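You will see subunit A twice below: alongside subunit B first, and alongside subunit C after that.
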Partner chain A sequence: MSIEIENISKQFGDFTALDNVSLTIPTGELVALLGPSGCGKTTLLRIIAGLEAADRGRILFNGENTTDRHVRERKVGFVFQHYALFKHMTVFDNVAFGLTVRPKSSRPSKGEIRDKVMNLLKLVQLDFQSDRYPSQLSGGQRQRIALARALAVEPQVLLLDEPFGALDAQVRAELRRWLRRLHDEIHVTSVFVTHDQEEALEVADRIVVMNKGRVEQAGTPDLVYDHPANPFVLNFLGNVNLFHGRTQHGVGVQDNRNAVSYVRSHDIEIDRSQQDSTSFRAEVKHVQKLGPSVRVTLVMDGNAELIEAELTRDAFQNLGLQHGEKVYVRPRQVRVFVEDYQI
Partner chain B sequence: MKLFAKHNNVLPGFGPTMGYTLLYLSLVVLIPLSALVFKTAGLSWSGFLEAVAAPRVLASYRITFGAALAAAGINAVFGVLVAWVLVRYPFPGKRLVDALVDLPFALPTAVAGITLATVYSANGWVGRYLEPRGIKVAFTPLGIIIAMTFIGLPFVVRTVQPVIEELDAEIEEAAACLGASRWQTFCRVLFPLLTPSVLTGFALAFARGVGEYGSIIFIAGNMPMVSEITPLIIITKLEQYDYQGATAVATVMLLASFVLLLVINLLQKWSRRYAE
Partner chain C sequence: MSAPITKHAARQHGSRRISEPAAVRWLLTAIALAFLALFLALPLAAVFSQAFEKGWETYLAALKEPDTLAAVKLTLLTAAVAVPLNLVFGVAASWAIAKFSFTGKNLLITLIDLPFSVSPVISGLIYVLIFGRQGWLGPWLEAHDIKIVFAVPGIILATVFVTFPFIARELIPLMESQGKDEEEAAMVLGASGLQTFFRVTLPNIKWGIIYGVILCNARAMGEFGAVSVVSGHIRGMTNTVPLQVEILYNEYNYTAAFAVASLLAFLALVTLVVKTIAEWQVQRQLQD
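Coming up: the complex of A and B.
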């Protein structure tokens, strides 16, 4: 089931949540809507689900216009950040809900429902908890039940709104790997919203980077990471250093225009001696150890700009950097965006 | 073994607070009630039976408890509706309507009773339209139910309202995504979450109805065997200086109310079984 989003706009009072957004989500893919809070990603997801109505534009499922179809008839599975489980029902009844509310003519028999629910609970590895109430489960387990409940109605698309947002770091990492495996197993077209770039890069087939109600870039994780379309995308996906300068001998760019160079912090090399003309001198100002990597803050000689470099622990130990030491810094990979494209 | 585990509490310790609780309950509730039972105990068994099981008294139990249950039931349904409207929909004059709900609390019961009797009597504002259609309200058990409904309304509204306010909108959205109709969402998802508070409101409205006197006697007509409520029987006995008979009837009423409230409490506990 493919989803087409055509020129969707949505306004909340004076606030523009979505500004003429168009997007295609191909069948069977797991797509991440990534962006800072307030960028409109959740609104877009809710419009796809039919929980919110767009002011303008159309939503098509498999080429069929579903813009005016009620959420009940859209056959979407929706997973909420805070689970939204029915707390007065057992795990089993929660998952069975979507089947038991069907009209008599299309409702499966009790036995069929039981088989189906138990299969789903097996899929989310919680079949031994079927008689429990949601309040007796952990956050990660509750979210898995919410997912099983959404899958029970055999949705055409699965929509997840910050599904791991309320979980602690370890459960979160575990659950997103599990979601990826699950998706490889069942292949239902899925869209999930996140503000965590790491999560998007790890789980998604495609990433849609959004900002201020617009789509900044859409593409595979490799594409948006290696070839960011603009400074916002670059900035949002990882730590970057900015270098201000002017263009010279650029291709398709006039000379002497203001330009900003962006270097990711792990693309900065630190050496004791000058390597080539792209190296420049800097002083080690601060060292911060972050588990497997080490973040070194340096001050550039001359203009006193701060640079952040991220080294592996090994590289850091080999160098044996000291506070206040003068070193040479060399950017390995630079991306230049001509100004007026400011972030 | 320690009897009470040590907890860090905001209130000063278990000892003093429990002490105050017991003292208060004793002074306000237990001592007057035990005096009631004590006074009744002065009666012989046959005298007791004669007082509490006379046909006229038995009829008054039926009327009082029956009408109170009916009124509490009516309030449970319409009180939830009122609470729902007050929470979920914005409309002009909402605060006014909200304040109106508390009026039965504030109005002296006699005023309420006289007003109701006037409005529902054969030539009253409402009564004059009901009477030709064969519906007699004033001076019948129906009038008793109406008076009890009037004074019991705030209980259900005020207990259910905060619970509706706290209902998570996502739960309804989840139900809609799963294909549930509005009715199914209400019956299977929302109402079970409201049930404990509805039962509390029901119990309070019921208790109030059983104990109500002032607003009922004006509209009831007080015909023996037909529209005479138990509190009136007690008053009548008191006026005839039959103190023991009055307390005997009161004791029976007390016991019956206590059992009914206990049952409602158990129901409520059962309806909240998921929270444990």
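Coming up: the complex of A and C.
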């Protein structure tokens, strides 16, 4: 089922959480709402779910206006950051909850509920834990149970609010791969909120980058990464270096003072000798090893601006860089933004 | 006895100084225990020993006295009305305060605390001023032959007023700490308001409610000041147990006075046990 978001605005006191947001989420896709904290992504998700009411605008499910429909009747599945499992119920009762609260006329029989719950628990690979209580499970298991509970009511839309936010790094990485596979299996339209660009790039079919209550860019991971619409998107999706117009050494637009060139840190090449007119001299200031990659901080000759370059460990070892050494630096790919335009 | 303790303390002192020296710990504990013995255990023992001074038969006879029986009945009736009323009010108020934001929320919290800050005698007087003969509604009530002050309704009203913060005060922090995630999850899954309350909220606040109810009940049965003002002390009619104790005591009928007082002391002990269990359960619930 597709979701259309039309001119949604939301104010909390003096704070504008959402400012005239419009967005279309196509059927069956897994979409990430990505942005820094306070950008309005969670508020937007809660408005789609009906847990929060928008001040202005409309929400349409499959072209049908659902703005005023109660959360109970929206048929959405919602997964909370802190799981929100019912503490006093077993795993089985948690997953069965959405079915057992149905009015008698539409409630499945006990046996049907049992089969369905056990199937869902198998889907999230936790069927052996059905008699346990949430407090006896690990964080990753709890979130999988929360997902099974949300899926039990056969939602038309699945909404996940920072679903991996409370988990440690390894479980996080494992669970997001698992979510991707699960989505490929069940294909329910899903929206998840995250502030982690890596997570969004890895899992989502489409990424919606948000900032200060507005959508900065929406598109496939490749599109937002390779063709960022503005400096914010570029900045948010990885480390970048800024070069102001006049300080360029053969790159960018030199005569336009408003132009800023951006280079991602892994698009910076370091050499011992000058390659061409686009390279410039710099001094190695600091080296930081980050597992598979190495971050080198350099100071540019002339204007003392700092540049960060990210190298693979191999490349770093081949170069054998030393502190204080003079090298040549060459940006491989430069993006220039002049005010709002991309050149 | 004290020599090995100080020696042990000195040894601990020298090696690892993580907590206070043992001597200090023992001293503090001893002071606390002595204080408890002097102000709690001793009076409690005195109540029971005085009550049983002239044997079982006198004790039972004192309790079987018609005026005393009437006082016990009235106290039970008062608690039976006041506690459920405050239970409903307390749950509703804390639900509203903990799960929703609205204007006037702080005012409501202040109002709930009011009976704690007002002297019980004043609380009683308020009702005399409103419902008494010379009060605002006095003439109208008299014209319609409704008696509130110096009658059972007045006693119940005063008790409700005095005991009304107990349950709400216990539930508000508990419900606030639990947040509203579980309720939201239940609603998204299609549960109605009532289903959400009975299947999700209530099990989470169960022990908090028991704790509040037991404290509310203890106060409702033991309240003296406010009830004394509105009761009128009519024997066998408007005397509650604490008032009956006072009357018997003033008549130098010590054995009977302490026999009735022992009922309240017994209630206090039961309250203490249930309260401890409830407190422990609430703590446990907050932890997971």
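Note that in this section the second predicted complex is superposed on the first by the 327 of 343 C-alpha atoms of A that agree within 3 Å, B and C clash if a C-alpha of one lies under 4 Å from a C-alpha of the other, contacts with A are read in each partner's own complex, and residues count from 1 in each chain.
The rule is short, and it goes like this: contacts are C-beta pairs under 8 Å (C-beta built on N, C-alpha and C of every residue); 3 or more make two chains touch, one makes a residue touch a chain.
Keep in mind that this is a model prediction, so the values were computed, not measured.
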Overlay on subunit A: subunit C relative to subunit B, clash or fit: clash
Touched partner set for A:His286, first subunit B, second subunit C, both or neither: neither
First (subunit B), second (subunit C), both or neither touched by A:Ala49: both
Touching partner for A:Phe86 - first (subunit B), second (subunit C), both, neither: both
Partner chain in contact with A:Arg332 - subunit B first, subunit C second, else both or neither: neither
Which of subunit B and subunit C A:Val76 touches, first, second, both or neither: both
Partner chain(s) touched by A:Gly98 [first = subunit B, second = subunit C, both, neither]: both
Contacts of A:Arg107 with subunit B and subunit C, given as first, second, both or neither: neither
Doubly contacted subunit A residues - partners subunit C and subunit B: 49, 51, 71-72, 76-78, 80, 82, 84-88, 97-98, 101-102, 135, 146, 149-150, 152-153
Residues on subunit C engaged by subunit A in the complex (per definition of touch): 181-182, 184-192, 195, 199-200, 203-204, 285, 288
Contact footprint of subunit B on subunit A as seen in their complex: 49, 51, 70-72, 76-78, 80, 82, 84-89, 97-98, 101-102, 133-135, 146, 149-150, 152-153
Interface residues, subunit A side, partner subunit C - complex: 49, 51, 71-74, 76-78, 80, 82, 84-88, 97-98, 101-102, 135, 146, 149-150, 152-153
Parts of subunit B lying in touch with subunit A, wherever the complex brings them together: 168, 170-171, 173-181, 184, 188-189, 192-193, 274-275
